[in-house]
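Next, two complexes with chain A in common: one pairs it with chain B, the other with chain C.
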Partner chain A sequence: MTEPALPPQVSTWNSPEMAKRLQGRYAAERRFKAIGAGAVALSLSFLAFLLFIMLRDGLGGIDWAFLTGSDSTDADTAGIWGAFKGSLLTMGVTLALSFPLGVLAAVYLEQFAPRNRWVDWIEVSINNLAAVPSIIFGLLGLAVFIQVMGLPRSSALVGGMTLALMTMPVIVIAGRNAIKAVPPSIKDAALAVGASPVQAVFHHVLPLALPGILTGTIIGMARALGETAPLLIIGMRVFAAAPPEGVTDTATVLPMQIFLWSDEIDQAFVQNTSAAIIVLLAFLLAMNGLAIYLRNRFETRW
Partner chain B sequence: MTETNRISARNVKVFYGEKQAINDVSIDIASEHVTAFIGPSGCGKSTFLRVLNRMNDTIPGCRVTGEIKLDGQDIYGPDMDVVQLRARVGMVFQKPNPFPKSIYENVAYGPRIHGLANGKTEMDAIVEKSLRRAGLWDEVKDRLTDAGTALSGGQQQRLCIARAIAVSPEVILMDEPCSALDPIATARIEELIDDLKGRYAIVIVTHSMQQAARVSQRTAFFHLGTMVEYGPTEQIFTNPREVRTKDYITGRYG
Partner chain C sequence: MILALGGVSWWTARSRAQALYTGRGSLKAMPNYHGWHMALWVLVPALLGWAVWNGVAPGLVRSALLADPAASILPAMDMERDAIVNEALAAARNGGFGAFRPETAQLVPAATSILSRFDLIGAALVAVLAFAGGAFGFTRVRADFPARTRVERGVLGLLLAASSVAILTTVGIIGSLIFEAGRFFTFVSPIDFLFGTNWNPDPFAPITPEIGEKLGALPLFWGTLFIGAVIAMIVAVPLGLMSAIFLTQYASPRFRRWAKPILEILAGVPTVVYGYFAALTVAPLIRDFGTVIGIGNPTTESALAAGLVMGVMIVPFVSSMADDAITAVPQSMRDGSLAMGATTSETIKKVLIPAALPGIVAGVMLAISRAIGETMIVFMAAGAAARLSANPFESMTTVTYQIARLLTGDGDFSHPSTLSAFALGLVLFVVTLMLNIVALRVVKKYREAYD
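Showing the complex of A and B:
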């Protein structure tokens, strides 16, 4: 058997051909860095432009009356509190439903479910559910919660339930990844001192996975907070002159309020729209900040 | 001293799906001894160890046939409670795996879930006694609230031994407990095994034949899923009956 031929040995690493080759490689390196930095700058400039326009148009509209008032036909007296409270109530319903359901489903699928075709099928379905366009969840909410179950239209309750359908698969996926990241040796350790499987999971695995689960939950909630389409369908496009008192009252939410004001003919509402966007963005940033804080604060390093 | 058999296994076969990992192993493990399982990688010694406290139950597709009795009770029988079994047959793993909690909590967890302590004073006593037996008390007594994961590797492994001791097991299974440790930490664990052998039946899986020779009174040699030879450690190392055992301990393979 003949040996495959190796390339001829380089006579010297200092030859001009080698130097030229190296130069070419360095140039490719510089080109990539420039293109990468350009991509970052371009995307940031869009965000900066948006922020600049919003702040220029809206900052003047943010005052105490705006932050504490509700919707009004008069742009000067219209405020954001009604929609803000509607968002809080809706998010509360969403969290109360999707968090326990999502976490329990994630724990079951990751730690207890048998490995078979049915479970594989459920896993694929959950991943697909997370990708379903939100307007379809709105139609489902209208058909099931309002028409079949007879829950009050335009309420934070129905809005929250609809958004919970959307958020649950996100929490399941984040939860499963967080649970998977806990080393199996910890569960083994608990089992080996005689913990039952449920004890091993709830005493050891779940607490270690919780920061990851919370991060995923907050990101899912932030997405739900900005959601408008499904809420349009279940009738949260309403003029609510007073903040909702409870989850069954007629309510609207922040993005819906922005949508409603942006549709007004009265030019005075332009400032209100921008101001409402600033409030919504501040809310979203606060949630994402909380997610980052939780991740850094409770992350366990192995 | 008359020997009492803690564990007696008869015709044990273990399958992972279609693949057979253990073929027809019968062995008696005495309570007064340290029993070592030696053999080349993949010979089934760790698999057999994990069968003894049913840690293999967590592996999908794993099937065990034959009979394994702990104090005369079939551990795969319908009236054996696996949670109780694992409290009676403790386990120490290859890589130290303390819970990412305080040193105290690491030891107290087992007694707490089994309800072995009445109140804080009793629990404190169990924790102290377990850590003393594991030879770790003097090093950690002033920092019981520190994280168990902040200890050195050798200390972590002794913490894991203390955690196993805390539920008063009858048998302690050790799966290559020193393979992640330096020689000094290894020597401390070996001393500890020697101290513990009167109280607990100890079964240790090891890659190091020297370690088997140092700590055990009985040695079982495994090869390709079967137990080739089992006898007093001295006889296995000086006068093995089987050619395969002799070839392995003289370093011809493995």
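Showing the complex of A and C:
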């Protein structure tokens, strides 16, 4: 019986060089993990830093007079109600246009569209529109709504229409995904008991897809609410000392008010700007929270 | 008004259809559908007529006013005359208030009567259309009329029309950009515009053939690329990629569930907030830093401030694209590498990233297209000076900055300096479109490779 007597120095697995090499590899592993954690930490701390600066500068400026006042040349009496109402009117126009158009387009593309060239063009357009820079929509609004159609410049109507064109692709894409998630057996069951295709979709598929569509709509509206560049182009950069009365009045919106105040030389406006940013961020956070709540509350796993 | 009419017609047709109901099978469609059928016949022609009338009425009102005897006092100069006519019409709508020029005041009574006459004609037109449609629809309420099929055909038409708005928007964007840019290129040759190095637009300069020498957009293209594709990407790509790797490969599911939505908040903060933050907080820090290392710059505006903040804004975008690309790599490739004894980081560096590279590159391209289209950060933090410089501490300008500045000024819309904004917009649109198309094609091809 001969033992396979290998001399210990031949085994590379517990030699000092190997141990050193292994240690180096483990150190590299730890370094890599630390870099990854550092990247996440750095991004999150930037967000925290931004929020901290805004809260530090602006929290003292939020009071009743600030929330109910309109723009003014004096930092102490200036408030955000005028801009806020402008934002509400603009968002109202945007929602009234983009929600029906977006939902109907999503229903059509997902349930009824035949495969032909026109439908292909629609799909290509929607996917590309979702990636077009927002300022280009401002150029479209200026050239078509103001110069060709002669609608009043600087009004919530034109702003809302421009943002609606921007938001519609978002709603269509979210709506298509929500409709796709409804199992076909539901539609088949409706068809089997004698419903027409239109009835099956509008009475059974669409109500089940609605929570998903609403989530997408809220996210699209939140994006539109924070948008500034296209509204700058269509002239909503105005000093509005009184809140707008209707959608055709000269109006400004919350992000635009932030931009206008940030341009002021007077140091006292720093507090106003930061306070307005806090209000805007709070609103956006609430909208996104609502979207998440809706998704968790009504999401159905089939 | 029109909607109320539609409601009334819905109710009328429905009750008439109900009266026709004599028992099971006596009606071919439910009374509701008869109601909808007639309502559609009232609404669609009336709304179409209203839209068309609103399109042509302003022109008709204007020519009627110019033909009016009261208009004989108007000056022959086109621009002056248009201004007075506009003022008179606005004043007439406001009940005579707002007529600042003496000529306008004389014109207001005529404008008022013409406006009310045309309003009346419009209302009458809409009413006639609504009633004609309604009458036609009403005669269709019969027991054997397949109202549901007809209504559903109408609904499908409506759906198709809603979808076609997307095409209309695309056509509108391309059409308006090309039309206005075409007007610009009648003044300035495209070669001068694309390759000229002197950018100094003046909306009040006289229009001479030499105006193109001041509208060379090369410095803008350079500034846009330098801020959006270089500085911002130097920040966003490492941060986004490493965040994605950490969150997908190392972090516990619990941490991932919390950290990912918080990271996404960075993408949801409005750009105007970033712009304010960049201008007020980041830019002074960078200027001080520049002074310390000996690159002094008197203004706080710098390409670096705008680029840095823009990069942070793009991090979640790059991160989620990289996340998708890494998750799409088949699990067996990762398991194989780990089974051979590689550590996790070796697996990531030697297997996952090479396999996910096309997806990551496509994500970076989409991120660049987003960064160069970004307006507010550069508008507030990058500055207006058009220069070809590689010093990130200097202020630089971008395409989006100039579009916004040219169109918010007081310039006349037919001056080449103002029109150049549309030419810049056209360039921006084409470049972002190319980036998107190429990136989406790469993503698609790559997905097919692993499916």
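Throughout what follows, the second predicted complex is superposed on the first by the 262 of 302 C-alpha atoms of A that agree within 3 Å, B and C clash if a C-alpha of one lies under 4 Å from a C-alpha of the other, contacts with A are read in each partner's own complex, and residues count from 1 in each chain.
Convention: a residue touches a chain if its C-beta (ideal position, glycine included) is under 8 Å from a C-beta of that chain, and two chains touch if they have at least 3 such contacts.
On a predicted model such as this, the values are computed, not experimentally measured, just so you know.
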item: Partners on chain A (chain B, chain C) - clash or fit; value: fit
item: First, second, both or neither for A:Ser185, with chain B first and chain C second; value: first
item: Contacts of A:Ser196 with chain B and chain C, given as first, second, both or neither; value: both
item: Chain B versus chain C as contact partner of A:Leu290, first or second or both or neither; value: neither
item: Chain B versus chain C as contact partner of A:Arg115, first or second or both or neither; value: first
item: Chain B versus chain C as contact partner of A:His204, first or second or both or neither; value: first
item: Chain B versus chain C as contact partner of A:Ala37, first or second or both or neither; value: second
item: Winner by number of chain A residues touched, once chain B and chain C are compared; value: C
item: Which superposed partner A:Leu151 touches (first chain B, second chain C, both, neither); value: neither
item: Which of chain B and chain C A:Pro133 touches, first, second, both or neither; value: second
item: Distance in angstrom between the closest Cα atoms of chain C and chain B, superposition on A; value: 8
item: Shared chain A contacts, counted only where both chain B and chain C touch the same residue; value: 196
item: Touch list for chain A against partner chain C, complex; value: 25-26, 28-29, 31-33, 35-40, 42-44, 46-47, 50, 53-54, 100-101, 104-105, 107-109, 112-113, 118-119, 121-122, 125-129, 131-140, 142-144, 147, 149-150, 165, 168-169, 172, 196-198, 202, 222-223, 225-229, 232-233, 235, 237, 255-256, 258-259, 262, 270, 273, 277, 280-281, 284-285, 288, 292
item: Residues of chain C defined as touching chain A within the complex; value: 55, 58, 148-149, 152, 155-156, 158-160, 162-167, 169-170, 172-173, 176-177, 179-180, 238-243, 245-247, 249-251, 259, 261-263, 265-266, 268-277, 279-281, 312, 315-316, 343-346, 348-349, 366, 369-370, 372-376, 379-380, 400, 403-404, 407-408, 413, 421-422, 425, 428-429, 432-433, 436-437, 440
item: Interfacial residue positions of chain B with respect to chain A in the complex; value: 53, 55, 58, 60, 83-87, 90-91, 93, 95, 97-100, 109-110, 113-114, 160, 163-164, 166-167
item: Chain B-touching residues of chain A, taken from the complex the two chains share; value: 114-115, 183, 185-196, 199, 203-204, 208, 300
